Structure formats: structure tokens, C-alpha cells
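Paired with subunit B in one complex and with subunit C in the other, subunit A is shared by the two complexes that follow.
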Partner chain A sequence: MPEVERPDFARGDRVRIIDLAKPGHVRTPMYVRGKLGVIDRYCGRFENPEERAYGHIGGTRIPLYRVRVMQRDLWPDYQGSNGDSLVLEIYQHWLKPA
Partner chain B sequence: MPERLITDIGGLPAGEVPREEVPQLFWEKHMIAMFNVLWGKGIFNLDEFRRTVESTPPDEYGRSTFYGRRLDGMTDLLVEKGIIDRKELTERTERILREGTRDHA
Partner chain C sequence: MHTDDADHAHDHHHGHTHQHTHGPHPTREDDDVALTQGEAKFLALKSLLIEKGVLTADEIRRRHEINDRGTPHQGARMVAKAWVDPAFKARMLQDGKAAAVELGIAVTEAELMVIENTPDCHNLIVCTLCSCYPRSLLGEPPAWYVSKAYRSRAVREPRKVLREFGLSFPDAVEIRVHDSNADLRYIVLPMRPAGTDHLSEAALAALVSRDCLVGTALPGQI
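Right, the complex of A and B next:
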């Protein structure tokens, strides 16, 4: 993906965190895969850690976002407030529009 | 389904989390200092360091400590990159342990 392209998502967009089922070093934890979230902010572009983990540096920089997921959507037995959420950083290729 | 990374434990049953403070050993401070130098100078990057720590076999990971698995991951990476020699490292480690350290009398 050329770096001049605009990021696919903007603050407030609804997204689903997908499960790429990719082996090796990945930064998307299992417990958020398949969950719905909302883009909290666009963080900028960064080299893909999945490539950097194998010594490939200087590769294409890809969009990274902070994604907000509601705690009640993550944990079926969540006891806290309905408004509690978790914000975590997810690279664009792990997201699709929802 | 991909295998879950050994570090990816969010949401798994964990039991009671020990809350007591554990004193830091001298070698652990050295380990962090060495890590900062090697990372800071670009000898390795954080993602490949994480990859080697995540490659720790599960039974070994269960027995290891915070600093121990990071030391092993860092060592594996330096061997992989041809910066240190595994045999030489083992011999020198054994000699140091025989002679005693601040942490190993």
C-alpha cells in the first residue's frame, strides 16, 4: 500500500477486528479478534511489526489506529459499568468496516 | 486456527496474581542495561526481540522468570545474527558461575 494513500478509517468509524490467523509475531491479541470496535484515533503510519520481527526494516509504513472496544463485548461475565471500554492499538490490515 | 502466542494470555484463567515486591538481582540490572544498549544501537529491533521471547518452548516459559526469558530471547537473537557464539557463551557462563557472582555464591 503506497504511503501517500489516505488511511481507510477515521475517528468514529465502526470496525471489526479480524482474525488473520497469521503465524509468527503479531500484535493483535486473541481476545479482541472478531470483536466490534470504534476508531478512537488515527496514530500515524508505522512499519509492520510482523515484518520487523524477522529483521525486515525500512518496509512500507502502514496505518495504525487506537480502537475502542466495550468491555461488555469482550467478556460475557463482565461485572463493571456498561460504559467501560478498552482502547488498544491495531494495524489497519487487522480491521474491516462494520 | 493459529496457535496462540505464549505471551498472549489475555482472558485466560490465571488464578491469584502474586502482589509482593521481588528484589531485583544484580544480573537482572545488567540484562536490562545490555538490552538498552543493543536496542538503542540498532543491533536488534523490539519486534524481533519479542519474536524470540515468544519462541520460548511452553514448559520452559512456565519455569522462567521475567528477566530469564528476556535474557534467553536476547541471547538467541544475538546467536541468530552471528554476533555471539553459543558454545563460547556456554563456556564463559559456566566459568563465571564456577567463580561465583554477586547473585550466585
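Right, the complex of A and C next:
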């Protein structure tokens, strides 16, 4: 994967967390795959854990974001307030514009 | 009460059924069971590293001690400082790790993010994928934090989990769950309790328990 100079997304952008169905040490939990969210914060670039876990230390650094998802969008039967939300960290290649 | 994980349930049951034979002292099961594959691999690797002269046993022991330096009190100190020093608080919200360094606390995790509770939003930290936790700052996480029950339920039914910890919030207050699933580590900056204007920074720090820093308690509820 080429080094990304500038992040593709900015705070407030609507995104969909995609399901790459990739095996191994991935950091995108199953429960958010396919869900819609909003970029809360760009966190900088980090080495890809999907490579690091297999000894590729010092590899390409990729953009990481905090993505905010509304609980109602995560769980249709969510028991709580409509304003409740969840924020988690997603690497750029798991996101597409929405 | 804090947890419904298996260990706790077991201890509880154990205490009741065997109290008459063990006396008042709680006992812990001996760990003289067969090694798991991972434990065996770990011990073999450790022996090899020592045998080959790559590491010494003392270096490994020292590393354990360094790992154990974290304590919730360090997080409490950061919170108390933020309560009395708005400029420090602003820096801490910008860069938690740098703020810790200002207080002489070394955070070894890549990044520490401080999440502020407000009258409109209460924050709760969880790591659903494993047990990520700012260990260098706070020490080892509590058993319930790493339990599957907490890790799965905190994102699915956070209000119910919070009620089990003794916290309930009106619907107007947003419950915001933070899944510590990748490179950042988190602590919650709780709101300063009312009626604490007269307290010193040290006395304020004493109000902040470990659970306040995870979001499962409020200051002064120890």
C-alpha cells in the first residue's frame, strides 16, 4: 500500500465502514462493518496492524480516524436514548464516502 | 456487583459453600494445572532467550516491575490538576501523553486521549477486541474490564451496564461509548463534583477512583 500523504477524510465527513472480510489481525470489529458513521477526528498515521502482527515492522503508515456511529444505527432494537453514540478507531482502507 | 463474569460468580459460590471448612480467609485456586499451548511456548521462548544470552532473567524481572508502575492514582493526579488548572486541562485534552509528562508520568502507549464528561455527555471506555487499556498510566485493568461480558455488553447496552455499576442518566444525557480497538488509549476526565471548591489538589485526586477514569463511576463515589 503506498504511503498516503494526505488523509482522504476530514471531521464531519459521512462514511461507511466497509467489510473487507480480511482474515488475521484486523482491528475493525464485526459489529460496525457495513455501518454508517461520521468522522470525529483524524488521529494521524500509524503502521498497519494487519502487517505489523506478522512481523512487518516499520512498514507503511496509514491514516487512522475516530468514527462516530449512532447506537440506533448499530442496533435497531437499541435500548437507550436516540442521542447515544459510539466512537471507535478505523483505518482509512476500511472506509468509503457515504 | 460490578461484574457478572465467571470468576466473580465462582468466588461468590465458593465462599458460600466452603466457608465452614476454609474459615474467613478467601482462597484462590492453585494454578497447578497443565500449561496451555501459549504458556508453554512463552516459557520455552523465555528460557531460550536467557540461555542464548539475549536477555537476562533480571532484565525480564525489571521489565515486569516497570510494567507494574502504572496505578490509577496517576490518572487521578491528572484529573485533579485539570480541575484546578484550566490551561493544563486544555493541553491535556489536546495531548494526554504530553500532559502526563508534565506531571512526571511516563506513558509508554502510542497516544493517550482524554475524553471529557460534560453535563450533556457521559463517556464509557471499553476494548471490544481484546483488553487495550492505558496500562503504563493506570496499571492492569480490573478483571471485569477484560471479561467478555463487559466487552460485549458495554457497546450493546451501555445504559444497562452503567446501571449495574450504580449509575443512571436521563435520556437527555448522551452516553458515548469509546471502543479502544486500535492505536489510541483512553481515560475519562470526569466532572468536578459540586461543593469541592475548598479542596486541595491532593484531596481532589483522592476523589477520583480507577472506575471514574473508565467511566463506570463518578468522583466521590468510592
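One rule holds for everything that comes next: the second predicted complex is superposed on the first by the 94 of 98 C-alpha atoms of A that agree within 3 Å, B and C clash if a C-alpha of one lies under 4 Å from a C-alpha of the other, contacts with A are read in each partner's own complex, and residues count from 1 in each chain.
Following the convention adopted for this analysis, contacts are C-beta pairs under 8 Å (C-beta built on N, C-alpha and C of every residue); 3 or more make two chains touch, one makes a residue touch a chain.
As the structure is a prediction and not an experimental result, all values here were calculated from the model.
Student: In the overlaid three-chain picture, which partner chain does A:Ala53 touch, first (subunit B) or second (subunit C), both, or neither?
Tutor: It touches subunit B, and subunit C stays clear.
Student: Is the number of subunit A residues in contact higher for subunit B or for subunit C?
Tutor: The partner with more contacted residues on subunit A is C.
Student: For A:Arg16, select first, second, both or neither according to whether it touches subunit B, subunit C, the two together, or no partner.
Tutor: In the superposition, A:Arg16 touches no partner, neither subunit B nor subunit C.
Student: Going by the contact rule set out at the top, does A:Gly80 touch subunit B (first), subunit C (second), both, or neither?
Tutor: A:Gly80 contacts subunit C only, not subunit B.
Student: Is A:Arg72 contacted by the first partner subunit B, the second partner subunit C, both or neither?
Tutor: neither
Student: Thinking of the overlay built on chain A, is A:Gly24 touched by subunit B (first), by subunit C (second), by both, or by neither?
Tutor: Touch partner of A:Gly24: subunit B, not subunit C.
Student: Residues on subunit A in contact with subunit B in one complex and with subunit C in the other?
Tutor: 29, 31, 49, 74-75
Student: Which residues of subunit A touch subunit B in the complex?
Tutor: Interface residues on the subunit A side: 21-26, 29-31, 49-50, 52-55, 57, 74-75.
Student: Across the complex, what residues on subunit B touch subunit A?
Tutor: Residue positions touching the partner: 1-5, 8, 10-11, 45-48, 50-51, 54.
Student: List the residues on subunit A that touch subunit C in their complex, please.
Tutor: 27-29, 31, 43-44, 46, 49, 64, 66, 71, 74-75, 79-81, 83-91
Student: Which part of subunit C faces subunit A closely enough to touch in the complex?
Tutor: Listed in rising order, the residues of subunit C that touch subunit A are 110-111, 128-129, 155-160, 171-184.
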